[in-house]
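As written, the chain order gives the labels A, B, C, D, E and F, with residue 1 at the start of each chain.
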């Protein structure tokens, strides 16, 4: 299945630095134009949940810019997601930079609209609170989901600043409480760094979330870690969430809450490839903060992860045909 | 009047790079310890009203760091504000990075507390919405005030994103509506840059705000511009607000809404000196955004402006003794 | 005349950091779709004529990004070019980064296509050699033109590296030799910096080019300088070329051949406004080199200059209706 | 043992970017106020021994700033050093940026004062010559000590520039000559990079210093390397010195003498944890050079290492109670 | 063999930051003066083959600057290449930044000149197309060679932009077609990243090039990978080409075509050491792009690789004496 | 008089980025080779007198690099200093980064050597303390000199850190005390910024130093300011010292002690041109600190000032023939 209107512009024909920057040089379509899209790349330019260093609101734009570096074919498989699926840049989601609750509503509504069109969403954050309204929209369609979550942080905290429940440290506590995720089908990989206290770990344990610290990952290795993850989510509908702070700050300095001692890029890439065949209903790559990395290589890492996810998602899509 | 406990550490005794960074190397005091303070330097680490590029929440810290470059004596007068007044770093104001309305309340309350101690506040922002709760606290004590406002933008807009009334583009519209400012005693200097439409200018005209564009400033020159400003505010209680985007981006790249074609540093310094003798009840320097200027020279400019303000404010204080 | 399909997205409705970046948040149209466009904004992502520090090939993208900061209305006139003319982002011109002669051909051909549609081109370079193929296309339609040229350099050199005639130091020597420009109607403003020898000045003198150094500008001032320029070009068809190295490096560090001692932003803006009423058949802003200014404020300056040009060009367009 | 006056400010209550920056958001105390302090965090803002790229004089300030990212509890143990020990920021040590010998005297004297109060010092450099006066003060109290030294360089050179004996390449040669260290109890881990000649290796061998190159580390792995180190120092009084150039420049670009091919952050963290139970009488993290990493992630790495050291030191303290 | 006129300046005598920057602080000689030189370090300041982000034309200068950090002796062997061979900085090769074909001719001619003097060339690029004219010169002397090629990319593409055959993506396709390399003696190590299609892999397979992806490397490890390489080239005359994009972008951000997921510095260093004893007739380190890494640590990595190559090359030279 | 061996390499023949970087692409000569040199460009890579932010030790190297941008002819006069005088890069002066007194001795001795060869020195600092040993060497030959001193700071302080008399804040107090300068023939232009106290102003007044603040300069203008300076030094032997912190930080961020509110580049250039005809016996441009401006445009400003000085000095030289 190759549909020329959905092909990415090649750097062999048009130099990579040329042209208006869309995700992976794909055609841009509004949702209304997107009737025949299989997978939609959507930016969520919002960081209203950020408790410390802001910036991910600028993430989608820098990620689009850097994504010109991505070429159409995976070097190991020789295959292109753009041959397997109709993929488009659906632009950015409506947001509100000065009102958290309004932004959550706008994002959820936008994703309901996308899902109504049977488009599989791959989102570019935005801070991690962005995942919550996306999960809300997905759960309306799919019910409680499993999740493979790559992150330095559990994001399972209850509240900040005296009872404020919606921050980028709380989305998955909310998602579990709201029944969007089946916590026994949630695995978190790469946890590390100093913590406020053990509240998030206790919350995770109580709900049977499988939490894999970087130290446990170091013992298990890539293959076994992912075997644990795959077994856990099995064939349930599964969301993939990749926080760019899961690699070490050396690999991803452009993020708001870096934690020393994370993944190498190779480890991250290899783990994503092990998602092949899972029943993925959506995914995101979040927390790229351009002001903290003007060089853009954090964003390049992020869009490389998005490309790996696209390859897996497009393949799954065909497998399900 | 020299009170050794309020003196700044000298770079001749302790190198400027040494020590915990407080504003201008002054002693830090909590408000409860601040019974004998005349002028308080307060950080407002908040940018919840920012509609575009965030970052001023990090302003006070970078400004404290750069303020180690400030020495105690003004080179023209040979006098030091630290000899004329008891000045201290009162630390940062409580804020809330994820809830605008809660933050406005916290800030106002903190300034009421400061004003109860008869401390003259000189604040380091934060985005420009920070000025609103400060004005609310001041107006409780002083009633409607005049204002000399240096800025590329009027900040007199009504609302953003479909009716949201509290952003860094709206503080002075709110302040006028709430009766905190006497608009006929408000002068805005340095306006420029493309605009959404003429709503803010119309609002200003309707309320008799005196708006001086950079082009008008260019015709008037420093002296006449400030003569206009001084005549306008006369001897009424007056607030001074200095947005670091009033200089040209070449002088202050580290800000969220730079507008090409602004003041030089010399023009800005000379204007501030012309505030001498006004009845100043408070002042702020806002919109320093460290992520957009890691070099820190925007913050250096900002704290140099703060030092000029301090000189004027300390002198006035004595004049009123 | 307001045509909603040509309006720029407002930062009051959609935050400035959101969405795929087009010039000034205008709709993007391919040339084939551009039948009703009055003024076209076109990127020329090419720096094949650069003899020293490369990078302007990345200029259009960073300029599109920064142009999100531009709002729709000019603060002095209260009018918007987007109300006066149908303006669109026509995307980037075809180029060839590794073959100078092929690139010159591709660019010229693309502009012939644009001019066939009666679109007035405002281009974003690219290095200054980009102006040559644009002038070739324009001269086919208009014959020899006048030019107001803002630059630190005359770009009137003959050749480099042993006879190579097409570099960013030679475009206007070629344009004069080829009869694209009427040299007696060409004025260059802002010349300065050390030179190889006096060859370019001699070439200029020989052809009656009016060369105004920064030192002469300093004596004349903005108004008189522009009076000289306006008198020179009169009502002949005129091209405007603005090299971002005409401002001082403090205002525009992101360029390949900075020359110490240039214009301030205010001088540059005021000069552009004095182009009002000239018979402008095309314009460009060139030599923005993003790798030498990751902060983007050079590009912000450049797009601010583009907006001033747009205002003048749109107004002229109406005047000619 | 929890003493509220010694607790770190939590990012759940006060945002991390707020407030005057002290080490790990701990209370600041002058030495005179520090009668009940168990572990003191001290900055040594000095780089007078630097033979090449200066900057570590600015280290403590950037490290304090970045240390706001550290939270109070270790994620693996669930315990906080701030519960186990009374820890405070003791400010910066007196120095002299223009006279090496005077600076050495000032630093030693300051540490004698600290040790008189029975405070366990954890210092933030400064260049590596800072360790010498600290060792002098410690040796007065403890006699010759063992040392676990993480570094790309042995710092065992004799002299530079024709006989100058006090540089950041010579501190441990001096310390051994002066009998501050028992060389047979000194282990150096991570040595690499080109060298002037084999003088330092010969000096080390002659004095039975155990030198572990990065290549030997690669063969041994973390566990065995640290087993060697632990066996060597046994239960003698031991100093820990961590030069931030021991990680690879990718992890710590902000240092004066980077050497390609160093530790990953994970390796470094895991090694520090293996210091648990040693008889540590002092420690330092040195050579963070902010001008060479304005992003601050080198400093973040450094303070993360300090936190790991604090955890070990606080635990030991209790064990010895 | 020690020849004082060929010794590097020591940082123990003259600080590393002092003096005109030559490669590794070696004496500079013109080719005419270079009669007694064994190994020549040559800069190729050219990036005319670059299809995307330019900058390697500035590589040699930044590499010279950073190479002041290299000391004369290898820490593992205790030996110095400067004792084993007469090594000099031969300055930069003539180039032409605006004409690809002319530049190729100039470079080849320069290397023919160098080879006529029996100097073993170690070049600092420049983009990867630089290797082609060097190979042309070498092949004139040595006939078809083997090659050990460290790179993220195969550089075996046919053409770009509609038939342009000379870019930094095509040099080794040309070299094989022209008979400069014996493809069955060519091994490429570190291949990864998305690709246009499988054309390059097919070309490689067809010509029996041994292509080792990063994934295969991960399975083989350093020792086995290099065993494969050594076996392949055996004792034939062999060229070594090291593209600085073979390490991960975290280790080498300053390059034009970074690919996420590459070598660590340790892996790269260890592989180079395994070249000991091969019959090396020339080598290069290419694609350092200073504008994309002003910090210079990419260049530091590159010159460290050059030093490792020098050690191997100087040792081989003696072995052949 | 044109001597081809002393000509600068032209960017028309060899691209500016190519070749080993010497000052203005001139030939490098050791002092022993410099028998026929008229004007020597000498680097002083030393910042041992720096009391705050270090870095000028790296100044000469970055200035050499940026000086490739300078072409051979002055655009106003059409003349080249390289035609008028034999000018060479004499390399860097011996220094000692860790011992102030030893460095002062090394520098003075080196300049005595240079002056013995009748070479007119134009130095590139280094911090401002570098001027002291140069003045010592010059005074041995010429006796007490006049000085035109462009600076934000008087550098007339007595001592720092409890009696340390040799810092970059004290060189001209020492020079006056030692009789190297005739204080009544010293003019300082551009003084500004906060000060410790009035000690330096008092010292200046007491010795009849003519101190022109930036405010006085603003009233006088360029022409009158320089008329004052010229009248003061008359035809006595005169030293020119240009501290790069005399321009505003917007023009020269890369310096250790920036003071807001300084010269524009145009003002600085025009003032230097007014030195024509003075009896200049030496000059320096100091305090360029590369770590605080990796972009290099501060250094570009500095070498542009050096070129203006060269033009004046070479012209004078001829006038005296």
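Assume contacts are C-beta pairs under 8 Å (C-beta built on N, C-alpha and C of every residue); 3 or more make two chains touch, one makes a residue touch a chain.
Not measured: the values here are computed from a predicted model.
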Co-neighbours of subunit F and subunit A - touch as defined: B, C, D, E
Same or different contact residues where subunit C meets its copy subunit B, judged by the half mark: different
Approximate Å spacing (C-alpha centroids) for the pair subunit A, subunit E: 38
Interchain centroid distance [CA atoms averaged], subunit B/subunit E, Å: 55
Overlap residues in subunit D, where contacts from two or more other chains coincide: 15, 17, 51-53, 57-58, 97, 160-161, 248, 250, 264, 292, 295
Inter-chain touch pairs (all): A-B, A-C, A-D, A-E, B-C, B-D, B-F, C-E, C-F, D-E, D-F, E-F
Contact set on subunit C toward subunit B in their complex: 10-13, 15-17, 69-76, 78, 248, 250-251, 264-266, 269-270, 295, 297, 300-301, 304, 307
Contact footprint of subunit D on subunit B as seen in their complex: 14-15, 17-22, 28, 43, 45, 57-58, 60-61, 64-65, 89, 91-92, 94-95, 97, 294-295
Complex contact set, residues of subunit F against subunit B: 51-53, 157, 160-162, 191-198, 201, 213-215, 218, 248-250, 253, 257-258, 260-262, 264, 292-293
Subunit F - residues contacting subunit D, complex: 47-55, 57-58, 96-100, 102, 160-161, 164, 166-167, 291-292
